[in-house]
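Let me begin by presenting the structure, written as structure tokens, before commenting on it.
Think of it as A, B, C and D in the order they're written, each chain with its own count starting at 1.
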Amino acid sequence: MMYTSALIVGAGSGLSASVARAFATAGLKIALAARSTEKLAGLAADIGARTFSCDATNKTEVDSLFAKLDAGSVPDVVVYNPSYRTRGPLIELDPVEVEKSIRISAFGGFLVAQAAVSRMLPLRRGAIFFTGASASIKGYAQSAPFAMGKFALRGLAQSLARELSPQGIHIAHFVIDGGIRSANRAPSIDNPDSLLDPDAIAQTYLSILNQPRSAWSSEIELRPWVEKF
Amino acid sequence: MMYTSALIVGAGSGLSASVARAFATAGLKIALAARSTEKLAGLAADIGARTFSCDATNKTEVDSLFAKLDAGSVPDVVVYNPSYRTRGPLIELDPVEVEKSIRISAFGGFLVAQAAVSRMLPLRRGAIFFTGASASIKGYAQSAPFAMGKFALRGLAQSLARELSPQGIHIAHFVIDGGIRSANRAPSIDNPDSLLDPDAIAQTYLSILNQPRSAWSSEIELRPWVEKF
Amino acid sequence: MMYTSALIVGAGSGLSASVARAFATAGLKIALAARSTEKLAGLAADIGARTFSCDATNKTEVDSLFAKLDAGSVPDVVVYNPSYRTRGPLIELDPVEVEKSIRISAFGGFLVAQAAVSRMLPLRRGAIFFTGASASIKGYAQSAPFAMGKFALRGLAQSLARELSPQGIHIAHFVIDGGIRSANRAPSIDNPDSLLDPDAIAQTYLSILNQPRSAWSSEIELRPWVEKF
Amino acid sequence: MMYTSALIVGAGSGLSASVARAFATAGLKIALAARSTEKLAGLAADIGARTFSCDATNKTEVDSLFAKLDAGSVPDVVVYNPSYRTRGPLIELDPVEVEKSIRISAFGGFLVAQAAVSRMLPLRRGAIFFTGASASIKGYAQSAPFAMGKFALRGLAQSLARELSPQGIHIAHFVIDGGIRSANRAPSIDNPDSLLDPDAIAQTYLSILNQPRSAWSSEIELRPWVEKF
């Protein structure tokens, strides 16, 4: 493992928890950041992670988060996971919710990447992973806000990959193309593995993190075997 | 010509002026909207257009614009043209400018489309065209803000195409893949036509507008013959 | 109209006939080529076209076709239209049919383009249009042969666009994303215009042909307003 | 490791050898197939692989290869690696070479996949990996034949992924976007890791092979950190 310390932004109970566990098992120190850290106590205890309260769409809070991390383990791996969606027919959408979707899904990713990269650049090493969705590459009907946010995040990831890969920073964007299994949402018995297992996704996050720089992936799609695409 | 009245948002001296002239010549009544209408006087006089001051990123102003249009010719064609870019290495970017880029390039497109579609839907006809750029499909190094804005606009356009085409509303997104010739920027003698002539672009906007609904295009890229891609 | 003479390869009764009529109406002399010219008599008489028998997958026949055209009007516009599909589960496909699909859908396009370009290059002007399909950009289940042929044709078109656009030759690839209406296949009354009208497609072929070289499109998708995509 | 036996088609000294070694180390029995098996002796001895002479573009030889494998370990993993390129200005290309490029790069992939899948389907498990290139997604100037072959292979892979993933067969297409380091071609000291290390590529082939079916990737691009894209 060529990295030492990972920050998971948008940490919660689903994919982010699986990624945190997988990275911890691989030997990384973990920091978990979320708007509310209440739900993180169990996970943090399990993997020995520190937790931080942070609204990733607020530059002051992001700067404060990284200032705290500077005092301990500066992350050489960052995963940006937050997203927010609102949906419905165009004419029924609330513009406030649309902006919120873009800010959480994409603008926060910019703020976090900017703070992280300012620490990584002097060392010319690091990795920043962005979690995308089907909506990152296809704008679905009645889902314009999520498409706007996720497309914007992909644009950010592409731009950063082109700027920062030659500086030694691995930028990767994951297109999670299907529903993720959770406590509330399980595949039917008739259709096993029809939802993405978050641990399975995390396994690929880890294998991409382990790629040598002579053969980096910058975009990886993942979908269940039975998913139509 | 199956339409009667076009609103050009983000009207100025370049592509938007050429589109306005082309649409006027084809018989459409033209309304021009821009943050400042001072520069529009000459164009408006030439083509008999009305002009409106409107900040497209402000819902109140967009609603006011459409309310004024409701009293006259409700547009059955809308072109959304504004964009704003700031560029530089990631760590030097001003987050305020990044949000401005997303708001002008994409969020304003949402507000304008929402207002326009609420008028078009009852009639089940209309056309909304979005002006994109190379950055709509490729995130360039040191240009994350523009990529975020233009990717988001493309996500919006795709989502609206899927929702609204079956309602009779033609949604099209134009990828302008190269520099546009202007008063300040002309191709060299050695390399004629190496910049996009805005009148040439407008010719294609017009031909797409004239497409029968049995064979609509939803994304059209345009580039000069000598452009590398 | 900046061109004088068009060759339509794979001429028949559907899209190719509509393109031939549209181009003839715009003032182009038309040559029609097909494996069998019997069905072309009516169309040829209508538009004053010459007809030629040619198997486009056979280099000798393609060379012979162009040699005959050299004696009359050398085409400065060529449309490559043929395709062949076979479908079914992978393990039931006949390899002979698979090769036939690739040869007709793509290899013939190479042969025709090569012969055409050798005449266009000295003049540094001309246009070559390739007719693609949904399968050009998406490989559907149980349709590998058609995907292979149409993907290969798109690869050819992209490569030629990059090589030949800067030589003044307009290369365009059309993605016809839906069923085309025909004598045997009409939209239902409940769902008008749900199939592409070949005359509507031809209208866009003509408008792309009329693009000035400062703003060329190289790929254009067309689909009916109600088509899911 | 959920698989037992891998067939590498187009085995040689570069990427295919690295994949063979990586898969062997992971516990798979390896079969190596190539037109000429002379060069394979050293590799085969190293990893305890069997070698087979086979022209993958010839159905009879492909059937014969699989018949031999039926008698031993039927492969539940197949990697299709062959490609052939010829390049130059369109009008100088030899059509015989163009067909050869398509046949080796794509048609052979169809034949091998067909034979392999007929064995995998009854078991509803297996994996078929196709090696693509930059030319799989971008048709470069003066490289039409390679674009045609590699685009066709990608069309095949997409079609098979949609048909066979729901049957339990993992289809993956790798876009190797850069030059591969070899005995004859090493990165300069000033620009380390600027060529893809075949062992690094193979590491990702192996991690994709290990993906659980609830989160499969179907297309993976790999490029060196410093590669422009």
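In this section, a residue touches a chain if its C-beta (ideal position, glycine included) is under 8 Å from a C-beta of that chain, and two chains touch if they have at least 3 such contacts.
Since this is a predicted model, take the numbers as computed values, not measurements.
Looking at the partners of chain A and chain D together, they share no chain. Least step count on the touch graph, chain A to chain C: 2. Among the remaining chains, the Cα-based centre furthest from that of chain C is the centre of A. Centroids of chain B and chain D (each the mean of its C-alpha atoms) stand 44 Å apart. One inter-chain figure worth recording: chain A and chain B are separated by 32 Å, centre to centre, where each centre is the mean of the chain's CA atoms. Counting partners per residue, chain D has 162 as the residues that reach two or more other chains.
Chain pairs that touch, as defined above: A-B, A-D, B-C, C-D. By the touch rule above, chain D contacts chain C in their complex via residues 59, 89-91, 93, 95, 98-99, 102, 106-107, 110-111, 113-114, 117-118, 121, 135, 138-145, 147-164. Those residues of chain B that touch chain C in the complex are listed here as 162, 165-166, 168, 170, 181, 193-197, 200-201, 203-204, 207, 210-229.
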